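Letters are used for the chains, namely A, B, C and D, taken in the order the chains are written, and counting of residues starts over at 1 for each.
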Amino acid sequence: MKPSKLSTPEIQTALEPLSGWSHSDMGISKTFSFSSYGAGVAFAVQVALLAEKTDHHPDALTIAYKKVTVTYITHSAGGVTALDLEAAKTLSSL
Amino acid sequence: MKPSKLSTPEIQTALEPLSGWSHSDMGISKTFSFSSYGAGVAFAVQVALLAEKTDHHPDALTIAYKKVTVTYITHSAGGVTALDLEAAKTLSSL
Amino acid sequence: MKPSKLSTPEIQTALEPLSGWSHSDMGISKTFSFSSYGAGVAFAVQVALLAEKTDHHPDALTIAYKKVTVTYITHSAGGVTALDLEAAKTLSSL
Amino acid sequence: MKPSKLSTPEIQTALEPLSGWSHSDMGISKTFSFSSYGAGVAFAVQVALLAEKTDHHPDALTIAYKKVTVTYITHSAGGVTALDLEAAKTLSSL
């Protein structure tokens, strides 16, 4: 069964315990800050490995010097699904 | 000596032999397409390694599924410099 | 069903069309050469992404300057299985 | 000036404050353990980025599931130099 699009309140409730995630029409996203370029790139690689492992990929994964921004949305569902929230939860625990 | 900001004609002339690069106020950028997520991520890692090697980092390096977009600008010079064009040339030859 | 250990002739027949792989008690392995350190690291990252995607990881993945050596064996089967040969085939096609 | 080979006592004294490094004819090496494959690969990428940044590369960087082993030696000096110890110190602080 494919995951279905969640409502805004559902998404907000799920993001509440996680710090730094925001929600918009583009999906859910968070910018992570690092002490060095290398640490940020290493984190981005870990996000990419998780994506391949779970077969759920960020809509965008951007390295801008020491900041890495990750955005998730499930295009096939037309919005944010449980898969996106699961990925957010995992990243927040890395 | 720090590199100085180049003029738009200088930038355009330098980008001419390279394919797919465009120039705007945000700097110079190109989107590379790959046959798999893994190939794109591997390319992004190579861009990051080059950045550390040359001590010149992309302003943004974005992995959006099988597409990787790279943008260079030299903020300290307030525009695109020879360092950005050098990086563009290197990426186009990878 | 778990994959079962293959015989030496089966492994050799499967490796024949692939170039550069060798077989020993340690499993199957190949050393890939690259023109730069960055290219080798990028390849290693691609191998790691494939490992997470297929949930089958190299026994060892070694970056020694411009050479990357990959070894596969399926410890749970006590030898080389179809999963290892599948990975070898994929790497040889990257 | 090229770095010169250090004596065994010099190397041992330098490694003392760092945990887990050992010294042999192959150079200095340490095996780092991680809680996941992804975390280990991310660490290995950070080691590779540091290598490009400092232009001093590990003799070998091996990912064996959740363990990453790094070995440094300066072949041009015929042994372990201050560059290798500097890299060891940096890795231990990541």
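Quick note on the criterion: contacts are C-beta pairs under 8 Å (C-beta built on N, C-alpha and C of every residue); 3 or more make two chains touch, one makes a residue touch a chain.
Small disclaimer: the values here were computed from a predicted structure and weren't measured.
For the interfaces A-B and B-D, the C-beta contact count is higher for A-B. Repeated interface, listed pairs B-D, B-C or C-D, reference A-C: B-D, with more than half of the contact pairs matching by residue number. For the pair chain B and chain D, the distance between mean C-alpha positions equals 31 Å. We define each chain's centre as the mean of its Cα atoms; on that basis chain A and chain B are separated by 25 Å.
For chain A, residues that reach two or more other chains under the stated contact definition are 37-38, 41, 45, 48-50, 52-53. Chain D meets chain C in the complex at residues 37-38, 41, 44-45, 48, 51-52, 57-65.
Partner chain D is touched in their complex by these residues of chain B: 45, 48-50, 52-53, 55.
The part of chain C that touches chain B in the complex is made up of residues 37-39, 41-43, 45-46, 49-50, 53, 94.
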